[in-house]
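Across the two complexes that follow, chain A remains constant while its partner is chain B and subsequently chain C.
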Partner chain A sequence: MILDIISAVLILLGGVLSLAAAVGLLRFGDLLSRMHASAKPQVLGLLMVCVAIAIQYPAWSTVTTLAIIISFQLVTIPVATHMVGRAGYRTKHLRRSMLYRDELAEAVDRAEAREVAWERRKGIGTDPNDG
Partner chain B sequence: MSKGRSFVQQLVLVFFLVVLWVMLWDSVSLMHIITGVILSFLVTRVFYLPPVVLSGRFNIIHAINYGLWFLYSLVIASVEVAWYAFRPRAVGAGSVIACDLRTSSDLLMTLVADTASLIPGSIIVDSDRASGVLYLHVLDSDSEEKVIAAKKLVYHIEELLIKALGSHRDLAALKITPDPLADEYGGAR
Partner chain C sequence: MSQIVLDTLVVAASVLLAASAIIALYRIVRGPSILDRMIATDVVLASIMCGLGGFMALSGRTDLLPVLIVLAMLGFVGSVSVSRYVSKSDSMTPGAEVGSLSEFSNSDWHMPKDSPSATASGTADETEEWPDDVARGISDVSDGPDAITVQGDEEIHPVTVGLDQGTDPGADLSDDEDAGAEFEPDDEGPTAEDPNGADPDVDGEGEGTGPDAGPDDSDDGAHTSPEPDDEGSRR
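Showing the complex of A and B:
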């Protein structure tokens, strides 16, 4: 009985967190903020649902499968968000107004300045097709 | 790296692949283990990856400490991001911050990036492997204090991971710069 209540609460909370992910996806302002919503709250949500299932079916075969599901989720989510975030940033799908500070742009500027200085020193001249 | 050590690391990798295979089949039997070993050798030969350089140091107490801290921040930060989604006020501007990590190991850099990605509120945008800099996007960080707090979090993750499985060189680097923010902000913090 108590176990049933615990797993019901866990599933409910997991569902709410997944709903939060969906709502955030709609409401957040730009691509990078939306990446947070699509990837994050439901990691904990899925974890809760898996724990609830494990409580209901406490057998080794279930628990190992759930462990695999969680570990794959933990391993793949950073890679997926990183790839989308990086592609979005590099193709300039950003809203500058949604960025308070951008230290990556500062680093890119510095690197470009170095490159221009290097080309000037070598006497190559700037590439007309650049930037 | 010596040949013997990379062979041991290969064996560790194969061992974990076999465990994964047996877990997928839900039961331990000789047949599953044999097919698992064959498949693992095939997979590690066909999809060859550069060997992961382990530091050869592992502190179980600090690892447990890291695991508990990770779960705790996962819960806190998930609730926080969920609240941003549901609250009436729209989410504020974010920031892209640069974190100059003290470690130079690929494995640790990846683990720090993964942890920062999994804890809601920050995602990795880009990384500079040569100089060990991570660029992260932080949600709702539209003031100087929030930017500094986010950087503090990343450096804290790094500190926990170095203590758990960093090399002696990383530990020394940790001792030299216990507070990287102090260098950056002229000791104001």
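Showing the complex of A and C:
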């Protein structure tokens, strides 16, 4: 009975994390802030629920499947969140005024300057060789 | 007694999950951009996964565990594909978010200066914010190639001098390079490229030194080999 209450508390914690993510989605005004809020139940809430299942049914088949689920989430959620943030940065879906520091802009400027310099050097440098 | 506690916990968890799903659905409906909707969809999916896991823990339906795997994979594939094919034309729904979008100035959207909406509704505060956002993206890029081409090959000099005299920061650099262009390639052409490239950057432009340092170094490493060949062929 104690284990039942423990697993119920874990499920409740998963629900609390999910509600926290939803409230963060509702209240935050930026794409990146919402991404920060939404990553909580996807990893930690699901981890708690899976621990609750493992407490209730401690069989090898169940526990290994839960381990597969959790490891899959741990691998894929950062990739998906990175893709969303990258798309948001590239398509200017950010609120620039909410950024304290944009470190990626320096790298983007550097890459663009390098590309422009390379194209200009390639376009101009061929002419004196021909003439 | 313990049964009452258990029931209370389960009911509270289900209420929390339902509330989180409903709030995330609100964000899906009102989300300004498609990426906000995608994040809210992930939260809905996480709520569904938590609820399904709780149902499995309470009722013993552990045969539903593959459904959890499928849901996890669905969330991953969905968010990756949507963020992969999102484009700049997927604009936000205008006026969707009443509270925060009313303070949403045009500078947040990073629109070009010439767009009519920016110039029409641009107030004094936004015109102050514009050069910061635009200068970081555009002026550094335009300053960069001037300093780089000055540093470059000897054969580019007569052409890039004409280009650099049009702009202000490049004029000083091109004059210095003109004076030194007669004897510098013979003395220290292939060996000491770095001091020649580093000094005009520091003197000419203040804030452009950071982005320019990378292309200078990389171009030195990439083009030191063709330079002696061109020099030998010309002279």
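Quick note on the criterion: the second predicted complex is superposed on the first by the 110 of 131 C-alpha atoms of A that agree within 3 Å, B and C clash if a C-alpha of one lies under 4 Å from a C-alpha of the other, contacts with A are read in each partner's own complex, and residues count from 1 in each chain.
Note that in this section a residue touches a chain if its C-beta (ideal position, glycine included) is under 8 Å from a C-beta of that chain, and two chains touch if they have at least 3 such contacts.
Given the structure is predicted, the values throughout are model-derived calculations rather than measurements.
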>> With both complexes superposed on chain A, which partner does A:Met35 reach: first (chain B), second (chain C), both or neither?
In response: both
>> Taking the superposition on A as described, I'd like to know which of chain B and chain C A:Cys50 touches: first, second, both or neither.
In response: second
> When both complexes are superposed, which of chain B and chain C contacts more residues belonging to chain A?
Replying inline: C
> So, A:Ala113: does it touch chain B (first), chain C (second), both, or neither?
Replying inline: second
> Which partner does A:Ala8 reach: the first (chain B), the second (chain C), both, or neither?
Replying inline: second
> Hey, what residues of chain A end up touching chain B and chain C alike?
Replying inline: 16, 21, 23, 29, 35, 41, 45, 65, 68, 77, 81, 86, 97-98, 102, 105-106
>> Give the list of chain A residues in touch with chain C in this complex.
In response: 1, 4-5, 7-9, 11-12, 14-16, 18-19, 21-23, 25-26, 29, 31, 34-35, 38, 41-42, 45-46, 49-50, 52-53, 55-57, 59, 62, 65-66, 68-69, 72-73, 76-77, 79-81, 83-84, 86-88, 91-98, 102, 105-106, 108-110, 112-114, 116-118, 120-121, 124-125, 127-129
> Given the complex with chain A, which residues does chain C contribute to the contact?
Replying inline: 2, 5-6, 9-10, 12-17, 19-24, 26-27, 33, 35-36, 38-40, 42-43, 46-47, 49-50, 53-54, 56-58, 60, 62, 65-66, 68-69, 72-73, 75-76, 79-80, 82-84, 86-88, 90, 92, 97, 99-100, 104-105, 107-110, 129, 133, 136-137, 140-141, 144-145, 148-149, 152-153, 155-156, 158-160, 210-212, 214-215, 218-219, 223, 230
>> With touch defined as at the start, can you tell me which chain B residues reach chain A in the complex?
In response: 20, 23-24, 26-27, 74-75, 77-78, 81-82, 84-86, 90-98, 113-114, 117-118, 120-121, 123-126, 128, 133, 135, 137, 139-143, 147
>> Taking the touch rule as given, give the residues of chain A at its contact with chain B in the complex, in rising order.
In response: 16-17, 20-21, 23-24, 27-30, 32-33, 35-37, 39-41, 43-45, 47, 60-61, 64-65, 67-68, 74-75, 77-78, 81-82, 85-86, 89, 97-107
